[in-house]
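See the structures that follow.
Each of the next two complexes has chain A plus one other chain: chain B in the first, chain C in the second.
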Partner chain A sequence: MAISKAEIEKLAKLAKLSFSDEELERFTAEFDEIIAFADTINQSIEGGTEQIRSVGARMVSFDDLRPDEVMPSLPNEKILSNVEGYNGFFSVERSKK
Partner chain B sequence: MNYEIVCGIETHIELATKTKIFCGCTTEFGGEPNTHCCPVCTGQPGTLPILNQKVVEYAIKAGLALNCKINTKSHMDRKNYVYPDLPKAYQISQYDEPLCEKGYIELDSGKRIGITRIHIEEDAGKLVHENGYTYIDYNRGGVPLIEIVSEPDISSAEEAREYAEKLQLTMRYIGISDCKMQEGSMRCDVNLSLRKPGDPNFGVRTEIKNINSLSFIQKAVIAEAERQADILDAGGTVVQQTMRYDEATNSVTPMRDKENSDDYRYFPDPDILRFCIDEAKVEEIRASLPELPFAKLRRYVNDLGLPEATAKQISRYRKVAEFFEGALAEGASVKNAANLIVGTIFSNMDTEEEKELFAVRISAAQFAALVKLADEKKINIGVAQSTLQKMLESGKPVEEFIKPEDLVGISDEVLENLCREAIEANPRAVDDVRNGKDKAINVMFGYIMKKTGGKADIRKAEALLRKLIGP
Partner chain C sequence: MRAGISELAIKLRNREISAVELTKAYIDAIEKLNPTLNAYVHLTFDIALKAAEQADQMLKEGDAPPLCGIPMALKDNICTDGLPTTCCSRILTGFKPYYDATVWEKLKKQGAVLLGKTNMDEFAMGSTSETSCYGAPLNPRNTNYVTGGSSGGSAAAVCANLAVYSLGSDTGGSIRQPASFCGVVGLKPTYGAVSRYGLIAYGSSLDQIGPLTNSVKDAAIVFDAVRGGDKRDQTSVDYDYGPSLTQCLEQDVKGLRIGVAEEFFEGINPEIKSKIEEAIALLEKNGAKIEHIRLPALKLALPVYYIIACAEASSNLGRYDGIRYGYRTASYTSIEEMIVKTRSEGFGDEVKRRIMLGTYVLSSGYYDAYYKKACLIREEINREFDAVFETCDVLVAPTAPNTAFPLNYKGASPVEIYLSDICTVPVNIAGVPAISVPCGVDAKGLPIGMQIIGKKFDEATVLQVAHFYEQSAGEVIGAYEGGAGI
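Now for the complex of A and B:
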């Protein structure tokens, strides 16, 4: 096992999500498979993924960075079109916890 | 029992770029809620953040001004935590490859406070809690910040304040931020623990979050050191936690449990390419830095011979220093220029902010023209001060107020006649002078100055008066 149920519980807590014991068991198994899959990639590369980051990855130079020029923002209605808005704000009901 | 304070400060500074760190939205303060926003800075799925060049440039400037080593290779990381002020549930920050490392700030005592690192990151949105709801405005979300982390080298409340003040001054000087603590463009978190003198180990530390004034930093350090000392004296242990300083009661109270840093699960942001800055670019940025305030202060005292207090007042504000140096370049004398700035111009400016902005209506060259008249003794200091005041109010040059004929001065004949008049008009003062009350001569000076509008040569007048009054 690459990951324990306790670790999954901790991740859920950090993400402010709650699951039943049954769900946690299932996720632990699923996560384990996903990690095993990613490990296969890691093993197929000499030097591991660290190697990709330090040598293989493309880098940009200072001159390629974005110039500091203002672009139009989106209209407020558009920004709030997928959510419940209130007076131009995003609004969320506070949890009682 | 006596304890030693071990203190470090983390400072967040909002950079004065035009746009946000990863999108072209304006960083302008205020605005209607969620109007300075786009899909990138509200964290919509599928959007691509692109790093602002100016943010990197400004952070390097900060690093160089604080004697840091600049990392020529750097990347962005994701710092994960769930809170509604972060739409993506992570903040794009830097973890193991910050732009700048290993610098220092030197205090007046000569002690150096180490700078561990400076990294760039995005600011979070603003939350308003009301009636069981949280309202979110992401206008500030994505505004670029630098976080400057000091070593735990600070060992008193005064040092903590001086460190923050010097940091603020330097950042303003290099023009990367206005560092207004009240408006939140500079915010300090203070880490503090106590230990017995000579103990090599650190005690348990607490972190006081978001202190928004220099004097509160000093007070918070004192209050927290006292609180921890009381716990230790009573045989208790300090709990590692996040605290808040309350200025109304001058006390420090717990805020919320802090997550351990490994709970942030930092990892490289796969959306943003690693970037490199070549040495030539770093040198180009170094060359663009102005002379820093502390170097200026030393030069004003050592090379120009200004008194420390005057030199401090002028070097403290970049625009004032530039105005002063501009006047010197036009031939004004150091002493008169400095005294007229500190005495007359500053008397029109009540706040630090006004001095910082230094919006005067005359140019350094126009100011120098006036100073030179005083240098050449064509006008006395009193006239120089009142004329300068008129120039500042009207924005008009010195010629508007002092005509060439005013500068000829008072002829010796006229001055002698005036002295005789002064003696005749003040018999009692004359008697006093004769009886050894030397200060009574001021009465005659007053008379002559009034008659000439302050233009008489006071030394000549004194010599004449003494001759006329006799022994």
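Now for the complex of A and C:
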């Protein structure tokens, strides 16, 4: 199944990525091969109709959750230690006046 | 012969060597070899020496745990409070987490000495470690070849004796395949056996942390130290393994039922196939019963893996927006533009490819055809594994269809590289444990790995068979000359 450049552009928008024209050409070609590879599952056994269960060794049901209690949280200064914060908030450049 | 964790623990307790002296020997070796091998991307020598001093104190006071004072390494996707953790991606440049991963918290309490963080494929996406933003680590066995991936730096550090052991993570083979390429031991535990809290997520239903070591016994010791349930990881399980998995190592393989599925051997390099067959013959000679079984759904495991892993990755990697940590683009005129530019400049090509595939299979119109179908086939694969383990105790298979690729191997398309995960991904899909142990070398002298796969939470039998093979086969691969020399 060939995928068009326009579809790749749409996907890039959904994924919040952008590509130059040259990258887009290359990605479209590679993506075709990757999709063809993923498509092999559709040429195979039909999936059943049963419910999909988690692969996790432990099944978590809603009855199994802890009570909704307020737990201690990390201090603000730690959370902001990786960026230049502003008055205890994450900050970005003003972009709209 | 290189000392294992138990031998080093005895030397430390007998005061033949102190933890500080041992750590210095590893630091010297890293300073000498790492500029070439690029196994470590962040070095933590000051912290290591302080930890070693504390370990010496713990040892003096007596009753120290087995890993106390032993120098080790962590893959760069395992969070370490206040120390760089970048997943070898530009988008996490300069990121220092503000909490410890549970595995690191546990090891720290046991007196572990962290030498540094190891190189890896960006966000653990790759099979060669060449997608790292720091450049590829080199295979210590032959520096013209890759280490494998994604835990390539962790495997290289253990292989070259630049760490006694390391932790890696395995989403589709990322512990076992580099262990195989570098000729070391790599254990992927049962999904849920080790807490993933603080492991930077790639494919959350597949990711699992495990040890890379120089012997099966060392793998058992490290697994004992990090396993267990954790309130902060709802998928973790507090399974009762007993006091120590090292206890199962002394048993032989008499009467054990070993399954061999022909699907694991299709398209395998003949040299690898013949080494695995020799290993199976050795196990049979020692009393194991060989069962030839079928796993027909295995042929679908690879596309199923890439659909599920990429779907989960596209969601997990949505958090990198340049606002809260890591890289942020230099100039932008709107928040949307800032996020798109940050992500486009910060992620490498392979990560972008997988985010795009994940976005595609989850998008309207394609969800049922790809993601839902992949989940249903995953169920089928699980059922086949469950059925096989009713008649077999373990399965034996190659770890990889090939030995290490040459560096910068240009001949391969992304899909050809994906095919190299064919023997390892079924294990992650089914959530079962598996180990890779060295079982020989090819004509170029590159290591070959054998995979032993067990049922959920039966690491004991996996380790038992691996240890028995390791001891009976003798030296199947030459010792690495160099490193810390201890």
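Here is the rule we go by: the second predicted complex is superposed on the first by the 55 of 97 C-alpha atoms of A that agree within 3 Å, B and C clash if a C-alpha of one lies under 4 Å from a C-alpha of the other, contacts with A are read in each partner's own complex, and residues count from 1 in each chain.
Assume a residue touches a chain if its C-beta (ideal position, glycine included) is under 8 Å from a C-beta of that chain, and two chains touch if they have at least 3 such contacts.
None of these values were measured; they are calculated from a predicted model.
Once the two complexes are laid over each other on the shared chain, residue contacts for A:G88 go to chain B alone; chain C is not touched.
When chain A is checked against chain B and against chain C, the one touching more of its residues turns out to be C. In the superposition on chain A, contact of A:N76 is made with chain B only, not with chain C. Contacts of A:P67 after superposition: chain B is touched, whereas chain C is not reached. Look at A:K16: by the touch rule set out above, it reaches both chain B and chain C. In the overlay built on the shared chain, the residue A:I8 is in contact with chain C alone; chain B does not reach it. Judged by the document's definition of touching, chain A residues 14-16, 53, 57-58, 60, 66, 74, 79, 90, 92-93 lie at the interface with chain B and also at the interface with chain C.
Against chain A, in their complex, chain B makes its touches with residues 17-19, 23-26, 32-39, 42, 50-57, 73, 80-82, 84, 89, 128-129, 132-138, 259, 263, 265, 268, 273-278, 281. Here chain C touches chain A in the complex through residues 94-96, 98-99, 190-193, 205-206, 231, 234-237, 239, 297, 299-300, 302-304, 306-307, 314, 318, 321, 323-326, 328, 332-335, 337-341, 343-344, 347, 352-353, 355-357, 359-361, 363, 369-370, 372-380, 382, 413-415, 418, 429-431, 456-457, going by the rule given at the top. Looking at the complex, you find that chain A touches chain C at residues 8, 11-12, 14-19, 27, 30-31, 33-35, 37-42, 44-45, 47-48, 50, 52-58, 60, 66, 74, 78-79, 81-83, 90, 92-93, 95-96.
Residues 14-16, 53, 57-76, 79-80, 86-94 of chain A are the ones touching chain B in the complex.
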